[in-house]
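In what comes next, chain A is part of two complexes: it sits with chain B in the first one and with chain C in the second one.
So, the complex of A and B:
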């Protein structure tokens, strides 16, 4: 294995399961608090309708029926796609350096996909519409509606990721069973149904094939395909249309996902003293990947700006001029550029590298990519080819209800990791033991 | 109006009619996937179906096939994997369905 984890034993691996601290309780309170704030606002939305967000009908705030909800949806689904790509790459391409964070990346995918789905659920207003409208219409609308393609592939992606986790966890649970909490035995029994050590080789190969499917689907077809097609296929929105949205969305997904993994890995390392289990080399490597993906992100933004202002069609030129005149856009670009410059600087001068700085820059990247995606959605609607929204007064500003949903989903991710880390090892046993045949004494 | 002008107007009119007819024919034959297009009223018949189930999900078909015919493979474990795929899909949408029933019972 590429990182030195000598001296890391199984007890270190299950430390999150076996310890309980005030810091854990504090984090739990923060997570639940964020969710609670969202629920208070969401109750108002359920009671009064989407009008409380100004997103109903024609978009009461400057003609924006899609706003932070859809921007945050793209952002979360991007984080989800990028997370599992990293995990799949570890298994498929032998990038063993990142094995200690592979399962954290898988878990981030599941949590982030849940949040993405939640944003769709709350954006449709009445949540039961997802079943009463989408399901009956699906067999016919999937023929031509990108929204139905989206629902289809996100379902498939969630199921694939969960299957990936469910199969890989069996190896670890079997060998760490005596260190896992006995009250959860029924759950472990269910997860281990039909298990025998003879299956390890076969299941490892099955998981390899899932990684194969994911690594093809995620970049090429999902966040480089179906998700951007929600926008890129609409010629009436000048700022949305065009094939460049595929690679552009993908670059944002990878950039934000690596940032998310850096933050979560650093949090676990700090909370459980996992300096040996998740060594500096992992963060240095992730930092370099973040720098590379940030460069791709900035390059694709440049492509869009240049093609949008140099002899572009009138409406595209207008949309691009509005974009580059928006200060928040440059804040977003600046935050990503800062992370890229730091990553490259620490490649030149390794002594400059500091995990806390990298975490802070990763938070900045997440804020920047979210801002870019929300601006993409909002300005794309406001500057369409037609003048449909010109008569709608006001300007779009995210409402407290929308902002609370963003906080709520962050709370859900925090809560998810806190709960899951008490149930299963969040680092694969393979990360510390190469011998796949070893059986727990 | 002079004779030449009348002839010109007549020619333009005929040309416009021809263009209009051609445009109508092209539109009728065009594969624009509109909801009202009669060729797309059958379930699962249409470009989106071919795109999603023919291309986007193709790696999943390869994956499931490899679970059963790859080396090494095991029929029972392959079925376990398929069970996860089918079961999780059912749980996901079944859960939403139950939530819908609850919403219907509580609010409406």
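So, the complex of A and C:
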């Protein structure tokens, strides 16, 4: 189902860089506003401590020490998967249909990983020690602490993705330099240090290997590995332990990642009239992937529910019964199921397909996966093996401070795309021109 | 317990002789050594004498003598002990002077030879050497292990739920409201009607503690010298992973400013003998939990407080017994022994039964954490439910549900509320 967009000219490609509109300003204001709201609340947290959240001690206190912050951390790492996996699929498997959105996806990876990292910073009681305590401890703790595994793998993932991006944009900047804003020349000069056209072929091979490393690392080691292992390896909580968490987390990550790409791609298509550059076929393809990943997600939830209620040990049975008695859980499942049904229905009846509907359903999927992850963290803590505490399960509703951080990180992603799209082409030149054309000013 | 393990029977000489005959080594030497090794473990023969008696013949047979025995360390000798050098001298008479070098490097060879010979007493001699001043504790006695391992025996049958231990702990460690490092459950269980049971819960100071494993920065750690599980308040980043991984719910994070300010806490209570800040309540943003009164164990509250805890001292019901689990004479081991002695099992008719009928348990032992707190009494079943005890937490000036305190603090942050 490859789609040829090579007829699109270069001016269309750099349209975000060369235009400036009130709508852009409005979006910028929204992004900055969201960040501002969060900063006001975060200042209070820095001043008074985590007491301003609704987190609390589990045990005699009956609370949850991990809540929305950790749920949102997992969620953002999940979204980050989409970028590079999609991009790597284009490069390694020749899925050229998705080339127009490959770089948007890579940028989403960078932005989402940044937000995930930020949630770690917000979550800890002593953010000032993240460097002074973590760096010296790394050599001795990395073989023990799953949290240190997370920090390590996420950092490696970030570095690989950033390297991948930095290497591939040199090709485009070199060929589009005359269309890029001259006030930013120092930045472009820095990005282009030592560039010669001879490197293109070498870089092509290098990014192939980086893509190869990432596509192995991201699903198997990140969301299929260290993130679920934060929970799956613990002896304390009935709802957490077990090998199904790896595949389950991965399915949630891929579902949210594709949803994220659909939303970002649709936003750019709408804002810059990119109907030709990002054609319908891209969205149809992405929605089928979303349908497939949603199916896997739902299937793995079914596995957990069935094994948890049929003849499970007391504590696991209890945890599962609580989970399926929680309305929010079914809202999450419903939102993902809806997207799946729509994706499959439009495969059978292509005329039903509508990008706006798909975007709305993708937003629903992201809300559903966030809800599922926060519930997983919170309900896991509320139904421990040691069930003697009368205060457990206590109630947990995220505080305004915690919710503001969610808004703040969404604002950061919005701001990131608004700024980056003014600086570099967010669609690869390769999407509209065959490889390795000579410079053609 | 491994103390019950008996060495291979010495009178089973025929079997040993057959085993030894199959090897290329001296059968008579093996049998003689086996007999004498048992005399060593019985205290009839000194280790040094055992070493000297066979040294020449072992060297002749194996080219090397690498039996593990505890020779006195000259570096640690008391300078006033004039007999020390003589003893060393006589022990080493006729022994290869560069034995120091060979001791570890040729261990494999010696062990292989011993294994091949099937020397019955070899393992016994090693055990005898490793056990210091004789273990000999009964079934309830000290576990094997070197050095100190602080732990508790809590007798639930004695606890009346007075909460004095909780109050004492709270006061001694300057805890913030609701941070109940010691927490006493009152509970009712299935099939026990309205009868109320009690369970005092400290940190279990697990030997295989999940919290120390998961800590990303090594702030939560096990102190090597005595097995205490502590938090280094200078390193902790406050990620709360220890709290999440603990099956017992013993961790209490410092969500806001501590109730008792830094200026009111002495360094003696806070800094341990390694110079690390692990004692008393944690500062804001850092994790805290029961320390088994580390300041007392380090002698910073006086020599007479070593081997005691605030909760144990406050307990008038003889329920809490703190001490060195490696020492058979320590209060937790003594109490268990004494308690069991009163409840002998009928071994005359049922020889395979345990020696006593006392019910003991470790909390959720099946989680694999190897807790260092043992309980006498009935373990709460999964269906047990916490109920109100005879003394309310509030009556002792304590807070049960910390969430209430935290909510208060959250809604009044402008006023600098603490928790």
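Heads up, the rule we're going with is that the second predicted complex is superposed on the first by the 422 of 441 C-alpha atoms of A that agree within 3 Å, B and C clash if a C-alpha of one lies under 4 Å from a C-alpha of the other, contacts with A are read in each partner's own complex, and residues count from 1 in each chain.
Keep this in mind: a contact is a pair of C-beta atoms (placed from the backbone, for glycine too) under 8 Å apart; a residue touches a chain by one contact, two chains touch by 3 or more.
All values reported here derive from a predicted model rather than from experimental measurement.
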Item to complete: Go through the superposed model and pick first if A:44 touches only chain B, second if only chain C, both, or neither.
Response: second
Worksheet item: Is A:133 touching the first partner chain B, the second partner chain C, both, or neither of them?
Response: second
Worksheet item: Given the touch rule stated above, what does A:199 touch, chain B (first), chain C (second), both, or neither?
Response: first
Item to complete: Check the residue A:124 against both partner chains and state whether it touches chain B (first), chain C (second), both, or neither.
Response: second
Worksheet item: Between chain B (first) and chain C (second), which, if any, makes contact with A:160: first, second, both or neither?
Response: first
Discussion item. So in the superposed three-chain picture, is A:217 touching just chain B, just chain C, both, or none of them (first/second/both/neither)?
Written reply: first
Item to complete: Considering only the touch criterion stated at the top, classify A:226 as touching first (chain B), second (chain C), both, or neither.
Response: first
Discussion item. Output check: A:148 vs chain B and chain C. Expected answer is one of first, second, both, neither. What do you get?
Written reply: both
Worksheet item: Of the two partner chains, chain B (first) and chain C (second), which one does A:96 touch, if any: first, second, both, or neither?
Response: neither
Practice prompt. Enumerate the residues of chain A that count as touching chain B in its complex and touching chain C in the other.
Written response: 126-127, 130, 140-141, 144-146, 148
Discussion item. With touch defined as at the start, can you tell me which chain A residues reach chain B in the complex?
Written reply: 126-128, 130-132, 135, 139-146, 148-149, 152-153, 155-156, 158-160, 162-163, 166-167, 193-194, 199, 201-203, 205-206, 209-210, 212-214, 216-217, 221-222, 225-226
Practice prompt. Please give the residue numbers of chain A that touch chain C in the complex, ascending.
Written response: 44, 47-63, 65-66, 120, 123-127, 129-130, 133-134, 137, 140-141, 144-148, 151, 230, 234-237, 314-315, 381, 384-392, 394, 399
Response to the item:
The answer for chain B against chain A in the complex is residues 33-35, 40-49, 51-52, 55-57, 59-60, 62-63, 66-67, 70-74, 76-78, 80-81, 84-85, 88-89, 92-93, 96-97, 99-100, 103-104
Worksheet item: In the complex formed with chain A, which residues of chain C make contact?
Response: 178-180, 183, 185, 187, 199, 210, 213-219, 235-241, 243-257, 284-287, 363-364, 367-369, 380, 382, 384-387, 400-403, 406-407, 409-410, 413, 416-417, 419
